[in-house]
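Single-structure report; data block below.
Chains here go by letter, A, B, C and D, matching the order in which they are written, and residues are numbered from 1 within each.
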Amino acid sequence: MIHEECGVFGIWQPENGSVAYDTYAGLFALQHRGQEAAGIAVSRQGVFHFHKDVGLVSEVFSGAVLQGLGEGNIAAGHVRYSTSGNPGRTNAQPIVVRHRKGNLAVCHNGNLVNSVQLREKLELAGCIFHTTSDTEVILYLVTQERLASSSIEEALERTMRRIEGAYSLILMSPSKLLAARDPHGFRPLCMGEKPDGAVVFASESCAMDAVGARFVRDILPGEIVAAGPEGIRTIRMHCGEMPRSLCVFEYIYFARPDSVLEGCPVNRWRQEAGRRLAKTHPVDADVVVGVPDSGLDAAIGYADASGIPYRIGLVKNKYIARTFIAPSQEQRAGMVRLKLNPVREVVEGKRVVLVDDSIVRGTTSAQLAGLVREAGAAEVHLRICAPPFLHACYYGTDIDSEDNLIAVNHTVEETAKIIGVDSLGYLSVEDAGRIYVTGDGLCRACFDGHYPTAVPSVSSKNRFELPIGG
Amino acid sequence: MIHEECGVFGIWQPENGSVAYDTYAGLFALQHRGQEAAGIAVSRQGVFHFHKDVGLVSEVFSGAVLQGLGEGNIAAGHVRYSTSGNPGRTNAQPIVVRHRKGNLAVCHNGNLVNSVQLREKLELAGCIFHTTSDTEVILYLVTQERLASSSIEEALERTMRRIEGAYSLILMSPSKLLAARDPHGFRPLCMGEKPDGAVVFASESCAMDAVGARFVRDILPGEIVAAGPEGIRTIRMHCGEMPRSLCVFEYIYFARPDSVLEGCPVNRWRQEAGRRLAKTHPVDADVVVGVPDSGLDAAIGYADASGIPYRIGLVKNKYIARTFIAPSQEQRAGMVRLKLNPVREVVEGKRVVLVDDSIVRGTTSAQLAGLVREAGAAEVHLRICAPPFLHACYYGTDIDSEDNLIAVNHTVEETAKIIGVDSLGYLSVEDAGRIYVTGDGLCRACFDGHYPTAVPSVSSKNRFELPIGG
Amino acid sequence: MIHEECGVFGIWQPENGSVAYDTYAGLFALQHRGQEAAGIAVSRQGVFHFHKDVGLVSEVFSGAVLQGLGEGNIAAGHVRYSTSGNPGRTNAQPIVVRHRKGNLAVCHNGNLVNSVQLREKLELAGCIFHTTSDTEVILYLVTQERLASSSIEEALERTMRRIEGAYSLILMSPSKLLAARDPHGFRPLCMGEKPDGAVVFASESCAMDAVGARFVRDILPGEIVAAGPEGIRTIRMHCGEMPRSLCVFEYIYFARPDSVLEGCPVNRWRQEAGRRLAKTHPVDADVVVGVPDSGLDAAIGYADASGIPYRIGLVKNKYIARTFIAPSQEQRAGMVRLKLNPVREVVEGKRVVLVDDSIVRGTTSAQLAGLVREAGAAEVHLRICAPPFLHACYYGTDIDSEDNLIAVNHTVEETAKIIGVDSLGYLSVEDAGRIYVTGDGLCRACFDGHYPTAVPSVSSKNRFELPIGG
Amino acid sequence: MIHEECGVFGIWQPENGSVAYDTYAGLFALQHRGQEAAGIAVSRQGVFHFHKDVGLVSEVFSGAVLQGLGEGNIAAGHVRYSTSGNPGRTNAQPIVVRHRKGNLAVCHNGNLVNSVQLREKLELAGCIFHTTSDTEVILYLVTQERLASSSIEEALERTMRRIEGAYSLILMSPSKLLAARDPHGFRPLCMGEKPDGAVVFASESCAMDAVGARFVRDILPGEIVAAGPEGIRTIRMHCGEMPRSLCVFEYIYFARPDSVLEGCPVNRWRQEAGRRLAKTHPVDADVVVGVPDSGLDAAIGYADASGIPYRIGLVKNKYIARTFIAPSQEQRAGMVRLKLNPVREVVEGKRVVLVDDSIVRGTTSAQLAGLVREAGAAEVHLRICAPPFLHACYYGTDIDSEDNLIAVNHTVEETAKIIGVDSLGYLSVEDAGRIYVTGDGLCRACFDGHYPTAVPSVSSKNRFELPIGG
């Protein structure tokens, strides 16, 4: 399974109100982007209140905690998935600090590629770091640039000249809310408006729906949008600097099917991927089954294009929580089945096309194929909505090492054999690029190794040997 | 929304082992049958250990609690949904007591129709009640019959002569595990076997899959099955007493689609219901959308029979927990959307067939229809996999009063107008009965008023005014 | 260390009000009588609400839980120390049940000596037991007698004819609050009045102070007092049946020094015990040090009578909670010192008289003597405010077996040697009886074996092999 | 009530071991110095693990958390009382950061007087602050000095040239543990040794006892002691710079009676204060009662010198936790009595000398006097072990404003009248200075206004308007 690192949300409105609650609701809609930690910071007359902790939004925020944050006119929130071995409370966001010009809260989705160098320079200048995340580097740069800038927007614009890599940022100053996206546009970030005039920023458009906001548009790659008492201001100095490179995995797996990214609805992308798979990897079969949840739309697309009926052949147990107790070795087989149970009626005696989003190590796919076979499937044909993973990602997902990628060391035929399926078909790299309406603009480096930026020489994870557990 | 009251699980094996863990896993698979309280009791050499509390299985059982239950050779577990205003810890099950002949733990799914009379008699004989549930009545009868019986099976058989109504029971004595089903067979109960010889009983077959057990067969209506050191014994004295009356709502809504009840897979039933709806209530439309989760298979059936394409048009947020904080009035619209968000790409500009399981008050249907319309649907045609609710249920669901049933006071046309849909079609009572392969054997009293038993004169809920909160 | 089993509290007032809060406050004042579980039941217009769980009063009752109990005009509460291996939630009190004539809640401090026989009879009549405590036996008797009685008071009076042993009871019916004490008066129970007319019952008078009530009088041995809409009614049918036998350990150790039992302030008793010890076991020494908390007043008495100065020579760490983590073996010495640290300034180079309440196994005394010696004491002379323990107690303390009592198998000289003190002096059995002003009326069976009742043939603990962990 | 801000603890040993557990035990012994937050950081091979949170040591550290910290050879811990309105988790210590030369953890007891200026300078140089505490200022200075220093000791020595005010510090680097005390020696800090060679630093000597360490000596004012692989190194460059100024309130109230500060046992100091009060403020009375816990030794001293008997006249309820629920207005009187109940037997009809540590606003003293009077005291004579408070403290206690000090605006006679006592006597400023054996060396600025340092122009609390709630 691949993991996205974060989701961000921000809201600005002219008068004090329940911005904390809106952020809470927005984070619920973005929970799929990070289930490890959550946080909300609120500004009321420039005074900041915040709360963050490890856990789901529903675990971190009780009614009392939410009420404790109080009313305000600006809020920023974050959900986090930590890819490192250090998932502690220390790295939860927003990071809230005080600098020369006031308070500042920052929420970040992405990963810088030059943070090691930047951090080194800052440390040599006497900076100390409380966390291991890139976000603290950005915070230092913004606050230092702020000393010589006339506004927080200007400080952020100057900071963007120095940082490189993937970032969708939300910054809250005592009076303004800023959203910014790196010039490549690796991670999504959009903007909306509530009927009462509140301005909303969020990683995905589904969060707009959750708070009753109208989707206005995506933040442009390289753009800064600032909402404050003087209205909305946009800075496009860094726009157009780079070719657009939205992470293709946002469509394949990360984003919710009801979100729209860069004008393309996620569910439409997935259906089209399924249709292309049906054409490039047809098979004589009886039923098409999607692996919940990200494989469902693609399975429908495959069924449509192939004429093979679509059925719900795997039932996901929605009650399996993070706190589920790991069973002993002998009970593990049962545990997989506990999470995802095949519907015998659908697969028994059938030639099954199983549609999933991706294959990383192959272990999960093998277990899944095994379950379907045990339930009586005559044949299992696996179709994958992504090309084979061959290269590490430096832009905020956890595919950081090529060592564990099954496709690096095995042909498709070998992989099929290892996984235990009768046939295996991947989406081609070309198709993965073509589905997106504009024909380009997707980062596919994990498939083809064409990185839009210089890449760090050392692996980007846990590179700051670090205090943990806090 | 209609609520089932309970799920039960039990396991017996010759030697001590991790029966607590199996029960834990089994209850996870049955969690959809009750999310309010959970409990497990374990027998180790006849000494009972148990733990129960309000909350989901994952909340009630931590690793430490599960470990605290220890090893054993018999276990019984329960998940509960309380239909009354008294969801406290006191009514959680298993109920574990000590009587003249040793310890006894009981898990119950169903509702007696003569419990008021039985309880009155018991009270007059000096019995005291710790809970408000029927289960304690059953416990008293079994233990009193046990005084004059040679075995717990015999005591249960004698008890079954006195109780009337719906019950699927699991009883754990120091050395035996018993499963019993009322002569009507209102609630499901089945039996399986693990490769190591353990005997498993559960409300639904999906729990067999969860613990790696092979489904053997349904417990017959009226049957008692006892597993113990002398092997498996079956008592069929009460079998065939009554016509079979499995609750039709088990197929429509309660059971998991991967369960098989009385030989009929739940997902097959739902698809067939969808197909019949397509025939009886056809409509010229562009897309068929199921309401997750119980409406999905029916939607596929409708799509199949009508030729209108099936699409995933509503995305359910799986992170909305029971602890989700209720927003203020003005934020409620957003809250519905937080739980179930329409996929604009699927419904915008389309004539949508929305397939749902049932309509109780009509409120939820109206909100849903509103959301789909707001997302741009040109037309909304609602198809319901159940006939209109017209009568109270006395057999363990919470449709206990006719006052709130929209169909009682409104024609189909009026209902469509109130809900705000362009057309509305229900499954016919005849079709609801015909889908089931054997052609009969389903209780449809909530639709047609033909109750298989005498019904209580007073409403069955909260009829024992009661201490709460414990 | 010896443990008391329980503290009880009850309040009745004419109008609904914050009786739950008063009970909460009263239980705080009685917390020293039981730290293992706590519970409160409230009656509002005859409807009962209750909450109980394992833990301290402050852990069991949050603001939300207390508020959830709501207003009422009667409440009963309980703190429990379980002497058995089964401290689970199941045995927490009040036990709240519903019987033929309505709801009933019971709180009990004490121990019956004929409960095994009574329970056997009840079980043969078909009664089932949810707990292992005597209290449930009492509940059955009261409710069964209630069927043939004109009032709950009468039912309780009839029950008292059948139960034997130690009991201070508080019963709450839908409209009345009852307090009753066994004819021997083993356990204390008193009565007070609030300025607003509320009637209060409690194990000790310190609870009256805590709720702002005026102490009125002790409940007489054998007396029933009922408070209800018709005022206060007293039933003295069982008074004078037996010689008074208040447990001498209430004075020595259990009760708070600011409580007054049977007219004798607890702190006065302890000081007098110290004075008598000074006379019977004088010693040439430099300083008198009491072991906190129950040894302090006795130490002051000893110092007064001997002329040796009293000093605070042991500091108790009040932050050591039940959740304190047990260290590894090697760290245990430090752990004792963590709880009770000698003041070197007070004991170094001094001949120290250490005054403690009692010696059970001798282990704690030995550790204490060791600490004082390590801190530099030249001599350690231990004076004990109780005679040597020689016999089991059947009336509600946990000295249930003679096997662990050091005095049973060792002379005073041997004991002194084992403990490691230079001299050891016990209060004489005669003095223990004489301090109490009335000159008699104390149960001293644990010292002299003169039991005021028949004693059970089997040990009274865990005699009902039993479900645990609930 | 006056509040100390913190307690610190550190341990270094050559090999990895249970340093986390020792720190846990040490913090228990120092819990009286701060009940609001607690934290422990452990270094294992230079990798830091830490945990901190709001709550008591027993609440913050469960067995699992302590085990999660793992083994190590260095640890540092902290308990905190926050005097500001911002008691959140953010300000808990140790503060753990990463800088150019590695990890660093800091624990601080005290308050700087030039932190506003230092912070301003740091902010202008681009530093950002996560907390509002002085400690982060110290951290920045140490890490910046470290860039140009050959060792962490040297960096700390250089830092001490720049910071002014009260500080007892413990610093943990990947390989060393440092303890340092400001040149005035405002706050205590001592050093001990475990039998196995471990070096221990702690705020008070009672923590040495708790971990089985031998007290070696106090850290000198101005001294740095570093324990590391090369042994113990001491830097005394800043020793003797300033006259010694240990806070007199450490003796009066903060420290535990079993601690020894600068060679003077705390309990001896208090007894002597009581004796001096007996001479300077004699009274004809029947009994001397100390207010627990800090007034007890002084009461014994007063009783000794006056010949009036000492009695335990106030019983403190040790179970009243921080979570105790605040009652409604009308119930507040009862709440005071819940915490501290007079022993009627001791005070009724008596002329009582009440000995307490200090008077701040007078409210608590008035309530106390009222309780004693209600319990029947004929006269109440209050004797205070401290002179009247007249000036703010800038060195780490929360007497930060003169507005609330009753002595500033009222004569002793007026104060006695307001409080409601028959006479009132304070310890004289001269006596407060003379008790300490060396005859000088105590800071008494809160009484006489002679501040040992320059004082900040603005109040030192909450001076950094700040994000809260984190």
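We adopt the following convention: a contact is a pair of C-beta atoms (placed from the backbone, for glycine too) under 8 Å apart; a residue touches a chain by one contact, two chains touch by 3 or more.
Since the model is a prediction, treat every value here as computed from it, not as a measurement.
**Student:** When the centre of a chain is set as the mean of its C-alpha atoms, what distance in Å lies between subunit B and subunit D?
**Tutor:** 60
**Student:** Rounded to a whole Å, what is the gap between the Cα centroids of subunit B and subunit C?
**Tutor:** About 47 Å separates the centre of subunit B from that of subunit C.
**Student:** Please tell me the distance, in whole Å, between the geometric centres of subunit C and subunit D computed from their C-alpha atoms.
**Tutor:** Computed from C-alpha means, the inter-chain centre distance equals 37 Å.
**Student:** Considering subunit D alone, which of its residues make contact with at least two other chains?
**Tutor:** Expected reply: no residues.
**Student:** Answer with line, ring, star, complete or other to describe the graph linking chains that touch.
**Tutor:** ring
**Student:** For this structure, give each pair of chains that are touching.
**Tutor:** Listed in label order, the chain pairs in contact are A-B, A-D, B-C, C-D.
**Student:** Would you mind writing out the residues of subunit C in touch with subunit D in their complex?
**Tutor:** Contacts found on subunit C: 18, 21, 24-25, 28-29, 31-32, 35, 56-59, 61-63, 66, 206, 209-212, 256-258, 260, 265, 267-268, 296-297, 300, 304, 309-312, 315, 317-321, 323-325, 327-328, 331, 333-335, 337-338, 341-346.
**Student:** Mind pulling up the subunit A residues that touch subunit D in the complex?
**Tutor:** The touching residues are 41, 47-52, 68-69, 95-100, 103-105, 123-130, 132, 139-140, 143-144, 147, 464-470.
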